[in-house]
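There are two complexes below, and they share chain A, which is joined by chain B in the first and by chain C in the second.
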Partner chain A sequence: MQLTFPHRRTWLHRVNPVVKLVLFSLWFFAIILIHDFSVMINVAIGSVLLLIWSGHPWKRLLLYASPFLLVFVSSTTGMMFFGSGETPWFKWGIVNITEESFYRGLHLGFRALSMAAVGLLFGLTTRPVDLFYALMQKAKLPPKYAYSFLAAMRMIPILVEEFQTLRHALKIRGMKKQGKLMTIYRTWHRYAIPLLAQSIRRAHRIAVAMEAKRFAGGAKRTYYYIIGFTYRDIAFAALTAVLFAASFAAGIQWPYIADITDVR
Partner chain B sequence: MTQKIAAGVTNLKLKFAGEDALLFKGVSLAFRPGEHALLLGPSGCGKSTLLQVLSGLIPGSIEVPMIADEVIVPERWGYVFQDPDTQFCMPYVDEELAFVLENLQVPREDMPARIERHLRQVGLSLPDSHVPIQTLSQGMKQRLAIASALATEPEVLFLDEPTALLDEEGTEQVWQTIRSLADGMTLIVVEHKIEGIIDLFDRIVVIGPAGEVVADGAAREVISLRKKELDRYGVWYPGIWDDRPSLRRSPLPAPDVPPLLAMERYRGLRGSVVVIEAEQADVYPGDWIGIMGDNGAGKSSLLLAIMRLIKTEGVCEVAGRELKKVEHLAEHAAFVFQNPELQFVTHSVRDEIEYSLAVDGVPLEERRARSADLMDALQLLESADRHPYQLSMGQKRRLSVASAIIRGQRLLLLDEPTFGLDARNTFAMLDLLERLRAEGMAIVMVTHDPRIVERYCTKLWRVREGRLTHAIDVSTPANMAASR
Partner chain C sequence: MARAGQGTKSRGLKLTDILVTIVIAVVFGIIYKVWGPMYDVVKPIGVHAEQTVYGMWFLAGTFAFLLIRKPGVAVLAEVAAASVSALLGSEWGISTLWYGLLQGLGAEIIFALFLYRNASVWVVSLASIGAAAGSLVLDFGYGYIKELSAWNYTLLIGLRVIGSVVIAGILAYYLSKALELTGVTKVLRPASKQDFDALNRA
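For the complex of A and B:
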């Protein structure tokens, strides 16, 4: 099983992962504070446009983004159908759409979309190895945590394969007829114990193998990849700032819907 | 003047937590620089533990209570473990080697050249060393493991059953690599598949079941003098196949009975990709089919397709009926997975064997009687109340067969049932299967070992690039030879 797919490397891949991490965290924080409807739409459009540099084809992006689109729809409709407001548009049973709840719902949806796009972009343009090297070199992350994470990631495909085999085995061996709750509990039990047993043993073996390769958690080390800061980091920070500034300016100057600004 | 010692231990006493008996009661061994030593012994005798003590991994990395008058750990050593999938922590070949170099604080500028050199040393000529490790074959992974051991620039190389989990081709590659490195290197090796590599070693140490040194001397001498012990310990000593009492190849079954399994234009798919294709193939009661083919050719997929665990197209009749559901098939066909632990669902050997009967609603008394019979036949009776995970590898495999066949199915599918087993357990497994076959069961088995096919199977199925290309009657040796 493979976890990575072939893709183009863009300049975003070369931005220092720590810079990306910090900027994207700020991004998350900033969009929570945006209450202007038009600004929110602008920021969301900007976030989605950034995906051009993810290096992955559009079709695959859509596939990756599908769970997030679901989040968009569910958070939008949830707020839209059941929110309170003063200008009623439509009422059917408990569904009560008002003008206010409609825009508030859309606002929430765009917020979720922006977060999803940015999160996806980070995931797609950052190799875990680069991220942990950068964290070790620039954020003083102790190597023992960094390499534990990297070793653990190598075990994920093996885990998936074992899960598949377990499913096959349980299908063949059959299940005792029992109450529904009991069945759920037993099924959980039956997957968890063998998977855990295999994983613990494997983790132990990898740990010993790493020490046999002279890995010592706290010792000084050199690095194969030097993840430094480059002009791309500044470019990316500047791009982020411009994107937000432009979104604000445009949103306030030319609102999409004249009388809808603050949706709170 | 005392002789120089590369690695050694004097009066070692060692005990595993939770066990009453000492594993070693005062073992002393010393290895000269440049010596090529092979440690042999039954599984569980402590060979691997000894290797870990000599390298300092015990007690440095693995906490095991031990005392010794003296332990001489080599200054620079490399270690290669058994399992190709659990000794790397990085995703790419170059990064894994770089990991070792980083640990040794090799300057960054020197790394690419060093990586290149170590890969060349083990014959891994990759056009670009930035290759995902998971795309390598198991044999290549083990050579990468050797390369990363070499990156420590070792005086002593410890090898702990480096080929136990490899097929023939991989085993060949790994030993070729080790041979090319042997000059001037101290080798301390644990291995039980020793055919064809004896000449590499100048010393063999045999360790007995109680952790005592049974024999220690020149390689050839030990092999010829201690054959009986080696056989008892499950070592694959050279010529073991010729020493087997008799090659029981029963005649092919009469084909006047209907086939147990009949495939016609049968395909197995993963997603929309055809991973295995069989034009036409039959299996009759009393048949023992050996499926052979390269890694990834589709051998296991064929078994999964027969069991309808993957999507299928075409005709596949089991016991004369086209059964599409796994649950219905499971009443006629038993399936044994390669890793027995993934098919265990209960907490004791007895429950494990009885599980399918309990699902079918067979009364307790009958269940007890049938499981007792089967445990008796498979030498599992004294472990009846133990947890399946506590068994030895050989016992686990036998248990997985027992729990699969308890319903009395007539077709048995197995995925490499002897993989990684020592000689003793391999022959125990093969004898068990032969007994089942003689009773009229049909066996379809994936294997890597041509000697098993040669001596036990009635037919050989060759799988190449996702196609079942040949079904060859191998009940006479001439056919087997021609099939190669």
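For the complex of A and C:
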């Protein structure tokens, strides 16, 4: 999502969003197929390096990237402590770290890191409007869906405002925080039901208004923004291919840990 | 409920259905994003306590179907909620989209098996298990679940299924019942015989 902070527009902002979506999806499936530990580290390093083209200053990037550390730790430890393996290293209660599970855990951590980095890059360099316009123009997404999405995105600030109002209203009526499980459920209800009910009413009104203005007719649409393919799309696809090829070549030529290749 | 200006027949999704589904999905997309860090904090405890809250990510699909009982709603809601959380910069990036698609399909298949006519708490719970199965398909490749020790992955799958039944099945059902009391769901459903009788009486 385009955040309202000032930032530079880089060439990645001008890459067609459909191309980015397809490439990053392929990225995900490629990562599922990488079982070589060194190759995975290289790909993860490459993914993080791509963030230099995000157009945001590095201090802010660090702030956005702070949950990555959490994901890295959480992805790693589960497998590291409880994975299967032959060479035991450390055992403490149910925790059983073996050499295999240790590297497999790290492998999963780097997988998560790589996905997180390209996901952040996608979020930072793609405006929702561009994404849905590109999907309509280049991926044949029906306008009904695309405009519904855009209308729904516009409702996020209204939703936040309503949430604040609700919070204040409950506070002024003397709602107190309580820790019991049933109270948590009731609190959840108090917020969820009015927010959902209002959102549905508003969505319904918008749909009626759009139909009244003859939206979703069969006629050919024209667009305010035309989002075409440019040489930058080819450049980005090529860059991705080079990144993976280089990671593979380097990972197989110079493995980081000599005897660990396939982590499975 | 015939609506002017709409070329489609009553079977498919109308603009109202799509818009309402996506708006619900956006609400859940924000919840999905907020849920991420919580899941990660619980996860390193290691006995898969985090799996019990995993069902939260299946809620959009089953809940949307409970409101709009039409084909495709569950998939649309899950994909939309996933893409919102991806656009907000999800920690799992674009993979969220694919998880969303499979989870939605998992729930959708169950609803389709009941011909989209049955929305009892049992069917919704079954659909949430379907969604859990959809997420597990990807996790076997992406998360190396098979390579966990046997007791550990049995626990993982068991807790995820239980969690999804509680959250995406039972909680979704009662949430939708509570929402029906507000009366907003009336605009989403076709006019029933009672409505026509009410008109005749007047």
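Note that the second predicted complex is superposed on the first by the 239 of 264 C-alpha atoms of A that agree within 3 Å, B and C clash if a C-alpha of one lies under 4 Å from a C-alpha of the other, contacts with A are read in each partner's own complex, and residues count from 1 in each chain.
As a working rule, contacts are C-beta pairs under 8 Å (C-beta built on N, C-alpha and C of every residue); 3 or more make two chains touch, one makes a residue touch a chain.
Nothing here was measured: the structure is a model prediction, and the numbers come from that model.
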Partner chain(s) touched by A:151 [first = chain B, second = chain C, both, neither]: both
First, second, both or neither for A:140, with chain B first and chain C second: neither
Contacts of A:59 with chain B and chain C, given as first, second, both or neither: neither
Partner chain in contact with A:212 - chain B first, chain C second, else both or neither: both
Partner touching more residues of chain A, whether chain B or chain C: C
Contacts of A:173 with chain B and chain C, given as first, second, both or neither: first
Touching partner for A:197 - first (chain B), second (chain C), both, neither: both
Residues on chain A lying within both footprints (that of chain B and that of chain C): 128, 151, 153, 197, 202, 206-208, 210-212, 214-216
Chain A to chain B touching residues, read off their complex: 2, 4, 128-129, 147, 150-151, 153-154, 157-158, 162, 165-166, 168-176, 190, 194, 197-198, 202, 205-216, 219-224, 226
Chain A-facing residues of chain B, complex: 55, 57, 60-62, 78-79, 81, 83, 85-92, 94-95, 98-108, 111, 132-134, 148-149, 151-152, 304, 307, 309, 326-327, 330, 335, 337, 339, 341-345, 355-356, 358-359, 389, 403
Residues on chain A engaged by chain C in the complex (per definition of touch): 1, 21, 24-25, 27-28, 31-32, 64, 67-68, 70-71, 73-75, 77-79, 81-84, 94-96, 101, 104, 107-108, 111-112, 115-120, 122-124, 126, 128, 131, 144-145, 148-149, 151-153, 155-156, 159, 189, 192-193, 195-197, 199-204, 206-208, 210-212, 214-218, 263-264
Chain A partner contacts - residues on chain C that touch it in the complex: 3-7, 14-16, 18-20, 22-27, 30, 36-37, 39-41, 43-44, 46-48, 50, 67, 76, 80, 83-84, 86-98, 138, 141-144, 147-150, 152, 175, 178-179, 182, 184-185, 187-188
